[in-house]
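Please go over the structures that come below.
The following pair of complexes shares a single chain, chain A, combined with chain B in the former and chain C in the latter.
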Partner chain A sequence: MMPPGTSHPRNRRLPAEPGLWIVLGGDLFMFTLFFATIAYYRGLDPVAFAVGRESLSLVLGVVNTFFLLTGSWFVVRGVRYYGCANRTDAARYLLLGAVTGLLFLFNKAIEWSELARRELTPNSSEFYMVYYVFTAIHGFHVVIGSILLLTIYGKLQRQGVLAASPADESVAGVGLFWHMIDLLWIMLFSLFYLSA
Partner chain B sequence: MKLSISRETGVWLILVLATAAATYFSVGRQLNGSVAIVVVFLIALAKMRVILFEFMELRHAPLFMRLLADSWLISLFVILVVMFLAPTHTV
Partner chain C sequence: MIVLNGFIWLGCWEFVPPPSPALSAEEVALIFREQAFGIRLGTALYMLAIALGMLCITTTSAAMKRMYGSYNTLVFANLLIGGGGLLITNIAAIFWGAAAFRPDQPAAQIQMLNDLGWLLFLLPAPTVALANAALGVATLLDDPQKPVFPRWYGYFCLFVAAFSISSIVTGMFRTGPFSWTGLFGFYVPMTIAFMWLPVTAVLFLKLGGRISRGELSCPSR
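Let's look at the complex of A and B:
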């Protein structure tokens, strides 16, 4: 069964609880300050940022962007399947979404350990300070998002097939959180890997 | 066999291609530094808008929410471009 991806609700509405959007908005505002902080430190020492950018692995950055974009695609499908009470496919796609999160974290660990091996630490320059701090905060979001997706997967597995309640918006809410993680990474990737 | 790509798959493809384009313009050095920065940020903000409006379904949201999202994206673009292209910060 294909998810009803092209259905257009007559009434304009937000997916999930309105309260969740306030939380997401708060997170987006916080990251806006983080982005401005990165730009500020770059302005103080553009050379350190150019050198820092060269030391990062662009390949790992691009691959990680690909993982999160693909993870969002899995999660969109998972949430749609959940909405039409197809628990088996919902569980499968949400699990795949969590796997992309874990792959992202694995790549990040490789990149961090490689930098640490070259003794490039948060103390090395302003670039590494903001790079480590803000990618760590983002990485923490990926950890939380992956745990949430795995939790839903576990619940769907335990509760069997076709007992879904489309009125339950918690799955849609986790989906929104996951997309926000993807959205924030796009800007961090641009700031650290493409334009520093 | 009918060949059809679902909407979210098309969106995913656009996002992946946009990532490739941003990386190309950033690394390729065929644009001068300032133009490359503007292009990279434009592509990033466009990708973020696609995620907000497609994956996060803001396209179905009330006008107020859509305006709020667009205002945020435009502000972010202006803030970052000004901060990146200003020659030095005056403290």
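Let's look at the complex of A and C:
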């Protein structure tokens, strides 16, 4: 049960299969457009953004960042244990990763309902427009990522080790997808909660 | 498909850029009064384009039937949800046609028909996206030794599905990037959809070649 990382006998190349990078690269490109949009609207109306940031709960944002970072750590462990065919630990850590995703979504729902209770909707100002839409799109990614992790967890529970490649690589792929979600959240967190 | 749609959107309707949802009823009515014939013609041609589009969906579903295991749920999802989603855009075009059918009707009425057209066209994005996601998932689950489509295409379909959805927010904003004249309301989903078409067309031509050479077993017709 060594903490692996060097256990892959294959040559070091692009992690996961190349096709997956269409999704990752495309996603990163789209989110770059999102960040540019946020910056553009902030430039148009810095006051609305300052007011908007004040209305967000920094605590909830930090808690969500904590959830996703912890989730990424779980997923790293899970993928590595999977790499050295340690089924039980891989399943456990991937499940924990999915749980952090669900906690993130639950926390997000609390945050949104709190804002909605104060009648701050996407139409309230341009800050809330980009805030709601982009965090919703990000949340959608978290939903997909959690479903993927739970699917792998279910498969590991039922069949033990997944069939060989490419299912093998798909675990690493889901891991990468999860890290991307984490990265994008950190960008959104700093744009909405810290630097408005 | 691309040429026909380009002609309809740019030549007949002249809907690129789309008429802003922030325009007054009079301004919207003026567009439909000045371009009445073009819009009617565009609507007629769009019926043809969507018939062809639905044929494309049946072709992708038929290709999915050749995939390993050919999960029926995915095939039917592609066929029904994709076809249904495209059919709804037919109704959108009919609303635009109806607005141009009697250009002398009250401006508020033309504005309402125009709104209905845009919302019907853009809001059901998740249906077509889900059809694409089904195609992507089926491609990824296919036999890796003898795939119908290359695996990267599966990921490509998932990317297209994920980012063609953003137009579902067009019903909430009259200005800005999420309105139906906006970057994420209109241009991004349309660009992605029109990127998907040529890529898919090329893969289908290759698939046709492989089938006629007998390189691919035929589980069902």
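Simple rule for what comes next: the second predicted complex is superposed on the first by the 181 of 196 C-alpha atoms of A that agree within 3 Å, B and C clash if a C-alpha of one lies under 4 Å from a C-alpha of the other, contacts with A are read in each partner's own complex, and residues count from 1 in each chain.
Operating definition for what follows: a residue touches a chain if its C-beta (ideal position, glycine included) is under 8 Å from a C-beta of that chain, and two chains touch if they have at least 3 such contacts.
The structure presented is a predicted model; accordingly, all values stated were derived computationally and were not measured.
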Chain B versus chain C, judged by how many residues of chain A each one touches: B
Partner chain(s) touched by A:66 [first = chain B, second = chain C, both, neither]: first
Partner chain(s) touched by A:129 [first = chain B, second = chain C, both, neither]: second
Which superposed partner A:112 touches (first chain B, second chain C, both, neither): neither
Partner chain in contact with A:194 - chain B first, chain C second, else both or neither: first
Chain B versus chain C as contact partner of A:33, first or second or both or neither: second
Chain B and chain C footprints on chain A, overlapping residues: none
Touching residues on chain A, where the partner in the complex is chain B: 2-3, 5-6, 8-9, 12-15, 21, 28, 32, 35-36, 39-40, 42-44, 58, 62, 65-66, 69-70, 72-73, 75-77, 80, 176, 179-180, 182-183, 186-187, 189-191, 193-195
Touch list for chain A against partner chain C, complex: 17-20, 22-23, 26-27, 30, 33, 37, 41, 122-123, 126, 129, 133, 137, 140, 144, 165-166, 170
Interfacial residue positions of chain B with respect to chain A in the complex: 6-9, 11-12, 15-16, 19, 22-23, 26-27, 36-37, 40-41, 43-44, 47-48, 51-52, 55-58, 60-63, 65, 72, 75-76, 79-80, 83-84, 86, 88-89
Residues of chain C touching chain A in the complex: 140, 144, 150-156, 158-159, 162-163, 165-166, 169, 172-173, 176-178, 183-184, 188
